[in-house]
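For reference, the structure is listed below as structure tokens.
Labels run A, B, C and D following the written order; every chain starts at residue 1.
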Amino acid sequence: MTQSIGVSMKRKEDPRFIRGRGRYLDDIKLPGMLYLALVHSPYPHARIKSIDKSKAMAVPGVKAVITGEDLDAAKLEWLPTFHGYDKQMVLAFGKTLYQYQEVAGVIATSREVAHDAVELVEVEYEPLDPVVDPYQAKEDTIILRDDREPKTNHIYHWEVGDKTATATALDTSAVRIKERIISPRCHPAPLEPCGIVADMNKATGRLTLYMTSQAPHVHRTAFSLVTGIPEDKIHVISPDVGGGFGNKVPVYPGYVVATVASVIIGVPVKWVETRTENLTTTGFARDYHMDVEIGATKEGKVTALRVSTVADHGAFDAAADPRKYPAGMFGIVTGSYDFPAAFAEVDAYFTNKPPGGIAYRCSFRVTEASFAIERGMDLLARKLEMDPVELRRQNFIKKEQFPYSSPLGFTYDSGDYAATMRKALDIIGYEALRKEQAEKRKRGELMGIGISTFTETVGAGPGKQFDILGIKMFDSAEIRIHPTGSGIVRAGTRHQGQGHETTWAQIVGEELGLDPQELLVEEGDTDTAPYGLGTYASRSTPVAGGALALAARRIREKAKKIAAHLLEVAEDDVEWKDYKFGVKGIPDKSVTMKEVAFAAYTNPPPDTEPGLETSYYYDPPNLTFPYGTYIAVVDVDADTGAVKVRRFLAVDDCGTVINPMIVEGQIHGGLAEGFAIAFMQEIKYDEDGNNLNTNFTEYLIPTALETPAWETDRTVTPSPHHPIGAKGVGESPNVGSPQAFVNAVMDALAPLGVTHIDMPLTREKVWRAIRNAS
Amino acid sequence: MKINVTVNGTRYDRDVEPRMLLAYFLREELGLTGTHVGCDSSSCGCCVVALDGDRAVKSCTMFAVQANGHEITTVEGLEEGGKLHPLQQAFWDQHGLQCGYCTPGMLMTAYVMLKHKPKPSEAEIREAISGNLCRCTGYQNIVKAVQQAANELTAEPAAAAVGS
Amino acid sequence: MFPAQFDYRPASSVDEALEALVRYGDDARVLAGGQSLIPAMRFRLARPAMLVDINPIAELDYLRESGGQLQIGATTRDYLLETSTMLGDRYRLIADTAAVVADPVVRQMGTVVGSLCHNDPAGDWPVTALASRAQVVVRGKDGARTVSIDDFIVDSYTTAVGTGEMAVEVRFPTPSARTSGSYQKIERKVGDFATAAAGVQITLAPDGTIADAGIAIGALGPKALRVSAAEKLLKGAKPSKALIEQAMREAQTVADPNPDNRGSVEYKRAMAGVLVGRALRQTLERLGVGGLA
Amino acid sequence: MNLEWSGQERITASKEKVWSFINDPASIASCLPDVRQTNVLDAHTFDATVGVAVGPVRGSFKFKIALEPRPDGNHMDMKINGGGLGSVIDLLAAADLTAEGDAATILNWKGTASMRGPIATVGGRVLDTQALRVISTTFENVRNRLSGNPPSQ
């Protein structure tokens, strides 16, 4: 056997996907299955005066029409949100709180008939004035949630850091910047929509839920808590997931209504959302309005950071943040810089918009924080008339400062920010680009170079701090090695394209000296997989990856006993070397793990249990802190406001790299989403609360033609506390890139005096900024 | 309405409602679930199939009744004699897929494109797949995969000559 | 989403199609490429009771030069024009347009005539048809009539095709040798409806003056609009920077856009000028007249 | 999505005649374009079903219409709330009357439309102007009826 970790092994999951043999949710077709379609409110805020089901019920093939009142009678109308501070309606009950809110469900023999009948459900609304802007919500002139006490739209205030010291430091700083920086509402929009097939088997009393789920175990527990069905009677299966990006973490009304219908009718019920339902009702992301202030000395040494945020949470507080962290890991807002003082606060408000606040391809609220600090540093550089690279270099947390205690409470594990930035500057040819820019500026051409030297925190997380529904955010692995030396590996995570079937096999193969090709990885079935918290927030490798390595080491410990037995030496004389067990001092005497596996079943030592399997629940001692330097080079067309991204370089440091090919693929994908967020992706509401981006003709996903070509490289600074030194990478590119694009455009417009434009940087916004400046 | 459609070389006779979209005909009537549906607005291209071998079409924007008397090739029809089509192999080799949801549509769009344009440039590949969305890969490895397949498909006769 | 129920009639000849269109009147729609109609049906905005499918009519699938015209049949797909070598330099505006309609997969189903009949205010073909002074052949029970494109595109989504009629062909006059064109559009991404678009076709006289000019803009009003004032200005004049700037201003005057997610009235109107300027410069460059930037 | 339109009609009838006409639900209802069904509820309100057809988009909207005359006899607000195609359209039409001698009246009108639901985005590009045409055609028909011209559609 040879090395498994660090090898660009081709993906084990691909053979089924390239043949069209993946099995996604909508591919599941059970005998007698019925279909659910939902009725939605056209009003963002309205009282429901009446619902008339009769015409819909009369359509041949319609089996049931379910309303909020029906659910309330069954005590299933309200759903607890994940962090437990709020609850949300399953179907609109009494009033609707956002446009497209689910009002009723129609169950029918086909999708077409269900949609036909949806049109015939007559709902009488009494429109109410909507609250669309979180700053308007703050006024409390219209109270959205009648069901809550006290009567206010304010959800919570959260703060971290030394408020007084920060204020003092800012007040005495020679140079200060202040800007309202908005991370606009957007949506993950994986290409596979969300869906469920709920199958209540009245004979066995078991409820099987096929769900597009990034966290099947958590969903099992949640369904048990809501319905009162014992957890052993619920079986959640998350089949192949066609992209998630955070969208498939929450529990949605469609899931609940389909489940209720299956429980009542006793046949399987399928619900697959339309793209419009996906964009208008399921987990949105961001919507943070951040007032960022940075103080510095005249020489460019930062003195303090203060960020005050207004968060728009929509109609229910269903943000998918850990219980004790309502604003997630927003405290990472000091970024890669050594701030002597810092303070951050977040106030969240209800508005007439759908609930969510999910971590869209990022750890909880890390994208917002990273955007704020990286934009802030550029604004400060501008004010100081300093090269943004130089400002960053001066203020980086230095290599020797790790482990670094940040003023907002994190302990950064490892990093060498200056070295990574240096590498990026060399590759992109920074000096030459600045020279070219200077020449272009003389000719009036708009060229910009944008840099982002971000640090994120991922891998939630240590159980003493992080939980969901009270469940600690550990993760798990189970390994069974078969007699002939192949095996099955199961984890509590659920991949959606990240390549776990390959990388998990590589971790276990590396630890055990087995061929990853012969290690089958299975996830997503709660009957077989060990309990885990799922895949989101870049937690799979930092948490489950640790569990896998440690489970494998447990196997190895037992294997060592068996090896000693086979080698007829004392256990102390056995050493694990070159992926096999040898005898200290006797080079040619060894046994392979395959031989050990066979012996575990055929010839175990007399005092040892037969078999070779184990599980491990890993509670990580700390979060991990991946980082990187991203550089964008852009050209701006002053006539139209169009931005052309000429080059984009990402130099990432995610610690130990398990599969370089997969890591690079993750970075490409995250960069494309960061590009989309910077330039086109937004969920916008007009003043009446109408969603203006209800399908892919208006919610813009870039194609291969708009998306730039990506250049990537890396440095490797392993995490000291992670069993294999890995930090996680799936989200770095999405967290780190938007600000590189925006900084580049602002740099291009610098000669005109333009300092900030809110994302997305549409042509018109850029054009307007240029026109207003000149 | 009664229709006959040849899919991946097999003729199927079915009675369908006129409103049944071709994508759902393939998925629900024929069980060929490799063709996916990702939107309602003809935007995403997850549902692309080949019509009569020479046109890539979005099967969610075509009714099954329109396919009456025509030949459809889906992702399931790419493999020949147990051997992956060079495009399938290239997507695997180049890590041209992650979640796999857009993959069948991408493969079918590229499959038709390479028939008309056997030696596309990178820009031409990006243009040709711009009716297909991908959320995972950032497109770069898809472009590389199509390039690999194009090279292999155009090199094949030469390789065969060497072999004989 | 799933369309509401409808009846379906595949037609094997124009007469058969017309018979169905007459019988079902306003409840019937012609199905050609279906790339606008079917999504509208999926959203249940369009719900025709009868779809008359003209795709089986083999005789409507052609692209030919005949009698001083480029003739395109009602089921001819955009991609055929995109890939045709017949268009050459003279039909440059048409070739330009065919390469940017919707997205490359949609173009393999979508038709030129269907797009004209749909007459989306942001459609590409109405712009190009105006700039190149096309005509549409409309057939009814009592025979065919030829309608100039200016009369054909009546209003948003409304054309001169009456109940019981169908468009069977679009004709573009074959221009003289010293003709070229350019189609310019701003779209937020591939497949998006245009934020603004401009089509230009110019024929140069032997003395280097402009013998004929067609200029139209799209997505900038209730329908594609002809910039007549600019056309008049150019005709007989010698190409110059000042002339182009005047034409740009005329385009801005003609533009009457609606605000939407793509942009404000102000932005779109400004783009009317920018795009007409770019299309004029590119056309003239293609005719060997440079130095106008 | 909000849209605004305005217009003017010159009606060859006295202001009093116009005022009483536009105060009568049955009269106003008869002036709606492509009206399929009306039902007068009381002296100031009525229901109407109006056909909508633009290109491929065909359907009908059910409106509840409330007339709110100002006591001065010069100004009328019409609140038109309704829905169809899974969406909601709220129209507000305001008419101001000015006498031009005894035999003619100038009717200045202003309309705003707000749309919610699928048509606001998907169909907005199709239906925005159509919504306002309901108002403009209605006032045109008021003019034609009172001036003795044939109605527009």
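One rule holds in what follows: a contact is a pair of C-beta atoms (placed from the backbone, for glycine too) under 8 Å apart; a residue touches a chain by one contact, two chains touch by 3 or more.
Just so it is clear, the structure is predicted and the values come from calculations on it, not from any experiment.
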Best-connected chain pair, where connection means C-beta pairs in contact: A-B
Subunit A and subunit C, separation of their C-alpha mean positions in angstrom: 44
Centre-to-centre distance between subunit C and subunit B (centres being mean Cα positions), rounded to whole Å: 29
Centroid spacing, where centroids are CA-atom means, of subunit B and subunit D in whole angstrom: 51
Centroid distance [mean C-alpha coordinates] between subunit D and subunit C, Å: 34
Shared interface positions of subunit A, touching two or more other chains: 112, 119, 274, 276, 692-693, 695, 697-698, 701, 703, 705
Multi-partner residues of subunit D (at least 2 other chains): 86, 118, 121-122
Per-residue overlap in subunit C, given as positions that touch at least 2 other chains: 1-2, 4-5, 41, 43-44, 103, 190-191, 193, 261
Touching pairs - complete list by chain label: A-B, A-C, A-D, B-C, C-D
Residues of subunit A defined as touching subunit B within the complex: 10-11, 13-24, 26-27, 29, 112, 189-193, 240-245, 274-276, 496-499, 661-662, 664-673, 695-697, 701, 703-705, 707, 709-710
Residue ranges of subunit D touching subunit A (in the complex, touch as defined): 1-2, 83, 86-88, 114-118, 120-122
Partner subunit A, residues of subunit B touching it in the complex: 17, 19-20, 27-28, 32-41, 43-44, 46, 74-76, 78-79, 84, 88, 91-93, 95, 97-104, 107, 125-127, 129-143
Touch list for subunit B against partner subunit C, complex: 1, 17-19, 21, 40-43, 45, 48, 51, 55-58, 60-63, 65-66, 68, 109, 112-113, 116, 127-132
Subunit C residues touching subunit B - in the complex, by the definition given at the top: 1-8, 10, 31, 34-35, 38-39, 41-43, 51, 53, 55, 77, 79, 83, 102-106, 108-109, 190-191
